[in-house]
Amino acid sequence: MNPTLKKMTIVAERVLRDKLIALIRKEGATGYTLAAVEGEGSRGVRASEFEGRNVQIETIVSAETATRIFDRLAERYLEAYAVIAYTSDVEVLRGSKFVKE
Amino acid sequence: MNPTLKKMTIVAERVLRDKLIALIRKEGATGYTLAAVEGEGSRGVRASEFEGRNVQIETIVSAETATRIFDRLAERYLEAYAVIAYTSDVEVLRGSKFVKE
Amino acid sequence: MNPTLKKMTIVAERVLRDKLIALIRKEGATGYTLAAVEGEGSRGVRASEFEGRNVQIETIVSAETATRIFDRLAERYLEAYAVIAYTSDVEVLRGSKFVKE
Amino acid sequence: MEIIYANLVSPIVLCFALGMVATWIRSDLEVPPAIYQALSLYLLLAIGLKGGAAVSQSSIAELAGPVLVTLLLGLLTPLSAFFLMRRVGRLGVTDAAAVAAHYGSVSAVTFLAALEASRAAGLAAEGYLSALVAVLEVPGIFVGLVLARRKAAPASKAAAGSLGEAVHEVLTGRSILLLVGGLVIGTVCGAEKVEQVAPFFIAPFKGVLCLFLLELGIVAARRMRDLRQAGWRLLALGCVLPVLHGILGVAGGLIAGMEPGGAAVLGAMVGSASYIAAPAAVRIALPEASPGIYLTLSLGVTFPFNLTVGIPLFLAASRWLSNFL
Amino acid sequence: MEIIYANLVSPIVLCFALGMVATWIRSDLEVPPAIYQALSLYLLLAIGLKGGAAVSQSSIAELAGPVLVTLLLGLLTPLSAFFLMRRVGRLGVTDAAAVAAHYGSVSAVTFLAALEASRAAGLAAEGYLSALVAVLEVPGIFVGLVLARRKAAPASKAAAGSLGEAVHEVLTGRSILLLVGGLVIGTVCGAEKVEQVAPFFIAPFKGVLCLFLLELGIVAARRMRDLRQAGWRLLALGCVLPVLHGILGVAGGLIAGMEPGGAAVLGAMVGSASYIAAPAAVRIALPEASPGIYLTLSLGVTFPFNLTVGIPLFLAASRWLSNFL
Amino acid sequence: MEIIYANLVSPIVLCFALGMVATWIRSDLEVPPAIYQALSLYLLLAIGLKGGAAVSQSSIAELAGPVLVTLLLGLLTPLSAFFLMRRVGRLGVTDAAAVAAHYGSVSAVTFLAALEASRAAGLAAEGYLSALVAVLEVPGIFVGLVLARRKAAPASKAAAGSLGEAVHEVLTGRSILLLVGGLVIGTVCGAEKVEQVAPFFIAPFKGVLCLFLLELGIVAARRMRDLRQAGWRLLALGCVLPVLHGILGVAGGLIAGMEPGGAAVLGAMVGSASYIAAPAAVRIALPEASPGIYLTLSLGVTFPFNLTVGIPLFLAASRWLSNFL
């Protein structure tokens, strides 16, 4: 059986890109996939049109890791930056590789 | 607890971009994220290679808003344009900001 | 009612792009949506920076088709290439068009 | 014959061919969308600037005739295209009108290729011709859309996007905006100030056009895959219409007092079919019309036809007709 | 008056206007992000190369005065901006400091536009001015961030990103890296070797700048939508600050022994507000500061102000002041 | 020594260095993927066009010798690379074959840098050399892949992609297509018509190359991070192989009757390792081979080695050997 894991999606202003990658890595994500996106939200705040648009970071993680990342995000970035995050259940092919021992 | 909401994804030909954004805004979405994508479907119809490829619009909304957007899409665009739409359940960090009063 | 189908997401190195599209088409997908993404995983292997980054392929399919694509991927590409794949449940507007007779 | 050969063996035409070959052998060659957009932005702005600089040096008396003729042809050609597409092509009203909108408008690249060919053939062409591109771009689309409205059944009318939206789409579309914007900037600044940006907008222009045609070749070859579905009647019309309209354009240009070179270029413009501004507008206003027909015809048939056969033909025609008109 | 007209009617300024018009009429015109990035990469590297080639031909004695004056102005202007934003603009400490960081730094495009205008006005400008752009870019941002730290409450300090991160962000940011990298390459290679890449980096430069300003026009027009929220006090300051700083810059330049043209360009630089390097650093270090204020002021008010009114003013001021200094 | 210095202090090499520095200081500098693709498209097409124009002016007798020698070297060098990688480098069959495919092919940018250096050193180089790049690109890759097949165990054979697919990948890859396409267009059009697009494809060429090398520097620096894993044996081979192959190339060129400058450039080509066409083909045909080895060697070791040490060496060797051959 392919195990069920969480896919976490984070959409944030471009300026946070490296910080967010470091954060999810630190909390135990084994990898991530990143796309350049545009968007509008309730804040509409963006540092600079020149920093490029938003980034969308997706990472397949265990439920515990997801919770930890959620907590870190809420703590550090949610207030002052334009960030949203959500998770959904995914069934992953060879899911074991996505969970660190 | 982080509330469960719907993530709606719409993939459509580029020419509909502004119309679709207006539509989801009108039906109550508080924001959206947009990516440039390519694709092939059953129709294979695209206005012009020059209009750019497809757009993918993702929006986090309540279940009711999702239903309303589905209805509007079916009514207005599904017949004549290359559009697909689907929803899935997502657990959203601070989900309250995504639901308009 | 809008039927529940599977959305399968495949993230792979760029060099596999055409092969993967052929594969999912062959196994019965009626379409796909493709985005240029970047990423890091456990392998970190990529043919060439010059081939461009990764591609992310999303396809809405029936559960059986999803299983078959999973099997083919595991068989052919999972070992030697940088590929991940996962599915999630989606509720699709006019879902009937996504299932081949 | 020689004029055809001279026209075919040019970097521009051969880059187009290279793009087609790339598609046929299933190469992974592609011009990234962002680059494609930048190229077209550059070309349109440059055409405008150059045209504007020329306009700033022309008198209104000189411009009036050609502008008028161009306008008339822009209103006439969609009607002839509609008529032939209905009768000979056996298309429905909506599809015929969609095609009419394309043939009523103009392809900027065909214009440029004609300009090059006329220069290579040693025929002078008026500098203000770029301004005529802007004049020719909009009316044909408009006539096409109105044709669809007038003839379509009430039910279909409701389904279609509003005509107003489509007009807004055309007038604010990047294609017209850059062309007209460039024209205005060029006219206001005058030739001398435009000269300052010539090392970017004028000198490398033809090379940039090569890259653009590489991508056009890729896209046109993809469109040609749909040719079989189009049927031989439509195919034939895709070659007849440019000749018909082109000769009209040549004659019109000569009557308006243009040089043989300029009249030939005007012929190529009138004979060409739009594949940037028109498709976007038609998609909005007539979503039921099939892009498999209008884009395949304009980009897969008429554009390569003009590039290879049409342009030399209009040059020859202009030389010959200039003896009489 | 004439000098204002000559400045306004140039391809550069009119392309900026075209971008603004495109936004106002809701056109779909856009410069793809990848192209925008490439254009700014090109411009910054080219400025650096050209400046470096000039530096390689200058003596240290010649450079010392202007560099010193520029550094001083880079440390002074954020203080005056902060003071005025607090007192007259009634902004909180953080927002005032964020604005100060922007006005302490420099806009490369304003520099380029001033260079063109001074050339058009027949005033010589020193070649090493590009090097001063690099000198002026960093200190102001630094002072702005320190101002926020010193005055902010402890709680807010914890919330903000670290100052070190912000400094790293500025120093390794692509903007400084390309400018300084280009300067070093240009200096090391010398004018003769830079000449080899002139057909790419020098000749088409002004045309590339036109495309860049097209995009800047689009972005600035979007920012102008937020003007109403800013209030008239901030708006007025967005016009007063460049004049104040600009005159200081002109005077400083003349005192340092620069030509009238060079001093006017230095004035435009000092009077300009950064919208590339500063926003990125401020967003990291002072996330609570509102981009709706600092970006709107620097890009939506001061940049267009300098482009149209400021630069001719500094030219006139420099001509006049050069009689006394 | 002087020749090394002259080679190092050039905009091209220093832009490469700037890219490496950017990576080392963790700057956010990047060349967007779309721009990178456009630059390589431009460079390859331009090389082809230029080479084609030269070929159109050369006789077959003149070309026969150099083409033959190039072909032979293209078949020989993968064998020597394979042998050394197996014996000295202690790689497995697949990895050794993958590396062989890279060293058997050619790096277009090394070719260009050598051309510049030879010009700067005052040595003439034949115009048809670009055509030899196309000749050298494919055979080495092919030999490399065959080596892997012949020696690999049956199980592994099944797992690997088909050889046919890989050959298709190389032949239809954008790299070969643009180079050969450009050559054909240049040859057919002749020097005079290519001249028309010179302001775009020839004059700014060297400047575009600078931007390209900026990106190459970024990528190479990233690859260098993997150097430690490669071990000193592979590192040493990454420097020995270009020297060995390069001297062979210089000698071969002189024997084939080329000028000293041309022979040195041929040496640099033969001594270079591919990092565009080869990796794509190897990834398809030999997925088990580790990119951490072949890309690190070709891009992280041999490319910078040639850019700094190799090219001046080949120039000196060619001058010296031309006394005997």
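Each chain carries a letter (A, B, C, D, E and F) given by its place in the written order, and its residues are counted from 1.
We take it that a contact is a pair of C-beta atoms (placed from the backbone, for glycine too) under 8 Å apart; a residue touches a chain by one contact, two chains touch by 3 or more.
Predicted model only: the values in this text are computed from it and were never measured.
Each step here moves to a touching chain, and the least such steps from subunit A to subunit D number 2.
Subunit B and subunit C touch with mostly distinct residues; of the residue numbers seen at this interface, under half occur in both copies.
Ranking A-E and D-F by contacting C-beta pairs places D-F first.
Between subunit A and subunit B, the superposing rotation on Cα atoms measures out at 120°, rounded to the nearest 5.
Averaging Cα coordinates per chain places subunit A and subunit F 40 Å apart.
With centres taken as mean Cα positions, subunit D sits 35 Å from subunit B.
Rounded to a whole number, the gap between the C-alpha centres of subunit B and subunit F is 47 angstrom. Shown for subunit D are the residues that touch two or more other chains, namely 28, 32-35, 37, 199, 204. Touching of two or more other chains is recorded for residues 35-36, 88-89 of subunit A.
Against subunit C, the residues of subunit B that register as touching in their complex are 9, 11, 35-42, 54, 56, 70, 73-74, 78, 84-89. Listed in rising order, the residues of subunit F touching subunit D in the complex are 32-35, 37-38, 41-42, 45, 49, 168, 171-174, 177-178, 181, 184-185, 188-189, 193-194, 196-201, 204.
Against subunit A, in their complex, subunit E makes its touches with residues 33, 36-37, 40, 159, 219, 222, 275-276, 279-280, 282-284, 287-288, 290-292, 295.
Residues 9-11, 14-15, 18, 21-22, 25-35, 199, 203-208, 210-211, 214 of subunit D are the ones touching subunit F in the complex.
Subunit A meets subunit E in the complex at residues 13, 15, 36, 45-53, 79-81.
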